[in-house]
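Pasting the structures in now, so scroll down.
Here come two complexes built around subunit A, the first alongside subunit B, the second alongside subunit C.
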Partner chain A sequence: MKSRRTSLWHRLGSINLTIVLCIVLTMDLIWGYFCLERKTPIFTPLNDMGLWAWSKTYGLYNLQHTGWFFLLLVLLTAFSLNTFVCTTNRVQQLFASRRGGGQWLGKLAPHVMHYALIVILLGYLCSYLFTDVLTGRTLVPGSSLSLPDTGGTVSLLAYEPDYYHGKRLAFFDDAVITARFRLQLDDGNSQREAVLSCTRPVRFQGYSLHLKNFAPKKKGGMNRKTRVDLSIRKDPGVGIYLVGMGLFSLGLLLYFFDWVMIREKHSS
Partner chain B sequence: MKKTLVIGLVACCLLALLTAGCRQENTPKTASGDEAERPAFLQIGEFAVHRISPTRTEVRDGAGRTLVLVPRDAPMPTDCPPNQVVRVPVQRIVAYGFFDIAVLRALGVLEDSLVGVTTPKNRWYIPEIVRGMQTGKISYVGDAAAIDYERLKQVEPELVLTWDPSIIPLLDDLKIPAAVTTTPTAMCLNARMRFVQFLAPFFHKEKEADAFFARIDSALSEIRARTAAATYEPKVMWGDIYEKRVMVEPGNAWVGELVGLAQSAYQFKDVFGTSCIEITVERFLYSGKDADIFFTYRSPDMGATSKAALARMNPLIKDIKPLRHGKVYAPLPHYSQSADKLDDILLEISAILHPEAYPNYRLRYFTELPDADPQPQEEKSL
Partner chain C sequence: MTDPARITLQLAALFYLAAFVVSWPVSTKRFVFPFLFFAALGCNSFTIYSRYMQSWPMLPMHLGALALPLCLALMLAFLGGLRAFTHWFVLRLGLLLCVALIVVALLFPKDFYLPFLKSKTYLSHAFLWFALFAKGACAISALWALSAWPFATALPENIRPLTALKHSLGWAALGFGLWTISMFCGELWCYLGWGTPVVWQDPALTLTLAGWFFYACVLHLHLTKSWNLQLRAAFIGFGGLVVLAMSCLPDFGPFRPVVLP
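Take a look at the complex of A and B:
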């Protein structure tokens, strides 16, 4: 029994499996590229519905366009397992053969980065499975919305866009190049202001508020009423992939440490 | 071992490809009576209809909001905000867009359900609406850009169909559910044809919607058959230049797809995005250099009476090929309110692109612009 387990463990960590998985992943992603390009609306709801609900509806009913995605999940699971087993084997060997001094720490760098990638993938999986998303929330100046299960309300105070006034791109003249929305966040006890823009979500009461769409996008012309469409998310995966990124950065630091050690060794 | 592994993985891929190739006609169905044959989930472009149970249907509107449709006598669901619950069949509806209203007409619910519009009476060509506004059954609730909320409240709508998401916070305050019927990207041909199936569950008119879709589908088959032997592919552009902006229909819009389907070349095939998308003047003029047919957005009552009139309004386009040697078509005023005759409109566009395939066809929704406006009678007599 034990030998069977050991054998399975070694097979899972095989470099040949890694190569095969990489090839199949590449093929699958090429297939996915064409599906995504031609049938984007099928995949857009995945961001707010979550993986489970999406799989039961859009995924299941469009298998000819979503099959690659389910295969991708299987392949990424296999790839993560393979990476975990392979990395753990190497780390074990490294620990077993370590000698005095901290030099062996540098050799840990690639393994730390491999573990980090697994943690990042887990974070994404967690996001797609457990994120609570409030879609289609629109604010106009003076209006407000409440965040469920919290006492928090968000109000739109003002729209403060930056317009393009350069000479080189006449087509973009008077177009909004930075859309900034000043929000008031009220948690029931205190109020504060925050600025929301395309690359700057606002965090409040465990939720993150993202700018999805807005109007108007240009000065003059057909003046549309001021509004901001929000995507409001409570995403437990963020913490996990931040840990993964931290781990990845640690791996990079160890690489740097290793590089410095090798340089010093050569120079001495 | 290696061989087994490789074979296993390749088999997995093949299996996935094979299953992916099979269309899911046998996917789960709802279980009750007539509904048994209807798929539980239907995607219509960016819209979706999900029949959870006989007493609960969830729809996803153009803004990605989920609305829960429950029978009028069913208890209020507790798992969603009340302003996202719609009692069906809806009996009082306010609609913004001509397209939405034409779809209501196609479903046969226009006269009974429509109680408010955002276009004044003198701009309507749909007899039911003109009649309804005369009798006071249908109210003008103000222009779309300046809704009269007092009047809107008075008409007591159970649902508002709108293209303007900025109205939603105010409707939420009034506790009126709303569905956004436009999407960030233009509706493709399939979505345009199937949109009726998105509105159908609001009125329990699924059978009518299926019949409407079948009619349009058969019109498309006819177009394919008639134009299949066409030897010449005309180059088509659809849009207009306004004072400061150039707007066109992108390649992903239904008109772009229809042009391609009718053995023609759409000049803005590479443009992707929302319906009536803004492009540069240069791009428009470049496409106009070798286009054969130009569909303008302007109708004759908006000044599109002749090629010369268009050139006067927009001197920039006076040299594009359709204005010099080709053909220019303008929509007639009732065109935008005639989406319930989508099959006729598709056939007419096909007849314009390939007149040889439709001998003696008489235009009903578009008019071909003459080179110059006819001279007034007085001048002629002089």
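Take a look at the complex of A and C:
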């Protein structure tokens, strides 16, 4: 029984399996491109609904277009398992024969990247399974909305746009080039102000507020009333995949340091 | 259409082609190669500069097909030691690739999309340029592998194919690193702009990920040497070019005949 388990463990960690999985993943993702290009609206709700609800509705009812995605999930699970087993085996060997500071660190670099990849994928899974999304939240000046289970409220104080004036971007003449919304965040005890813009979300009470759409986008013209549409998310996966990305970058840095400084020195 | 960017792109294709022609050993005009090469680089750079000027500080849309030849040519310029046959082989194939990319970009342009406000962040520009240089490095890796492949059995002692594959590994590792940084920049941009790690409205993301997995496979193949040399060279060479061609697909639009200036 034990030997069968050991054999399974070694097969699961086989580098040939890694190669096969990488090739199949590449082909599956190319297939995915054509499905996604033709049927983008099927996949758009995935970010707001989460993986589970999306799979039960859009996913299962459009299997001819979403099959690649379910296969991707299976392949990524297998790839994560394979990476974990393979890396763990090698790290054990590496620790057993540990000597030489810089060189040892260089050898550890690929394993840091492998573990980091698993952390990133776990972060994504967490993000798509457990994120609370509040959609369709719109603020106009003076209005406010409350964040569930926190007692926090968000109000829109002012819209402070920058308009583009010039000839270089002809299509942007008199259009908003920077949209800034000044928000008041009230947690029940204290108040503070924050600025929300297109690529600058606001974090408050565990939620992140992202700008989805806004009006007006041009000076004058239709003279539409000021409004900002928000995407409000409580995403427990963000921290995990950001840590994973940091770890992967560290591994990459160590690997190139090892490559340039140590291996090149040895070969010369 | 008298768009200067389009004219300089056509000129860049002509200069790349002329540089390819004079690069052959039988050519008596080989001394003009650097002039033609740098003229092509200049024209291509002007095209990119011109497209950037029409959208900065936002990201120019679908710039990839026009900027990839520039990144590839810049990286080819760093090949060094141009006397060796394999270097010239790689250089020539690289120049042909530049011409092919520009011709396809001219025939299937996708220059009708306006830039959007959410691309006004350094992360979007980093995402684009790291990806372009990554693809340039991966293309050179594929070309090195191709330079090894046809001679693998014909050459004595198999020295040259091994050296070529070693070069291929170096470029693939560089490409993989840059590709990863580009993906991280893209993911951070997605989070800041949309609050999610992936924007499903853009199908190109799947091809980016496909390229990343392909090069992860290439690195594992190189490191384990589990396939024989010829098979590895063919896989990395032809497979790499197919994956790179696929990753350029989203940057091409509908057919439009070329109008000469």
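We take it that the second predicted complex is superposed on the first by the 245 of 268 C-alpha atoms of A that agree within 3 Å, B and C clash if a C-alpha of one lies under 4 Å from a C-alpha of the other, contacts with A are read in each partner's own complex, and residues count from 1 in each chain.
We take it that contacts are C-beta pairs under 8 Å (C-beta built on N, C-alpha and C of every residue); 3 or more make two chains touch, one makes a residue touch a chain.
Bear in mind that the values here come from a model prediction, so they are computed numbers and not experimental data.
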Please tell me, clash or fit, for subunit B and subunit C sharing subunit A in the overlay. fit
Once chain A of both complexes is superposed, is A:46 in touch with subunit B (first), subunit C (second), both, or neither? second
One more residue to check, A:140. First (subunit B), second (subunit C), both or neither? first
Which angle, to the nearest 10 degrees, do you get at the Cα centre of subunit A between the Cα centres of subunit B and subunit C? 90
Classify the contacts of A:36 with the two partner chains as first (subunit B alone), second (subunit C alone), both, or neither. second
Going by the contact rule set out at the top, does A:127 touch subunit B (first), subunit C (second), both, or neither? second
Based on the superposed arrangement, let me know which partner A:16 touches: subunit B (first), subunit C (second), both, or neither? both
So, does A:171 touch the first partner subunit B, the second partner subunit C, both, or neither? both
Scan A:259 for contacts with subunit B and subunit C and give back first, second, both or neither. second
After superposition on the shared chain, which partner residues are touched by A:58: those of subunit B (first), subunit C (second), both, or neither? first
Is A:235 touching anything from subunit B or subunit C once the two structures are fitted on A? First, second, both or neither. second
Once both complexes sit on top of each other, what is the least C-alpha distance from subunit B to subunit C, rounded to whole angstrom? 7
Doubly contacted subunit A residues - partners subunit C and subunit B: 16, 27, 40, 44, 171
Spell out the part of subunit A that touches subunit C in their complex, as residue ranges. 15-16, 18-19, 22-23, 25-27, 29-30, 32-33, 36-37, 40, 43-44, 46-47, 123-124, 127, 168-169, 171, 176-179, 198-201, 208, 210, 231, 233, 235, 237-238, 241, 245, 248-249, 252, 255-256, 259
Report the residues of subunit B in contact with subunit A in the complex, numbered from low to high. 1-2, 5-6, 9-10, 12-13, 16-17, 19-24, 27, 39, 41-43, 45-46, 48, 50, 60-61, 63-66, 145, 164-166, 168-170, 173, 180, 184-185, 244-245, 280
Show me the residue ranges of subunit A that touch subunit B in the complex, using the header's touch definition. 11, 14, 16-17, 20-21, 24, 27-28, 40-42, 44-45, 48, 57-58, 60-68, 70-71, 74, 135-136, 138-140, 143, 145, 171, 213, 215, 220-221, 223-227, 229
Sort out for me which residues of subunit C touch subunit A in the complex. 53-57, 114, 117-118, 120-121, 123, 173, 177, 180-181, 184, 187-189, 191-201, 203-204, 206-207, 209-211, 213-214, 216-217, 220-221, 224, 226, 243, 246, 249-250
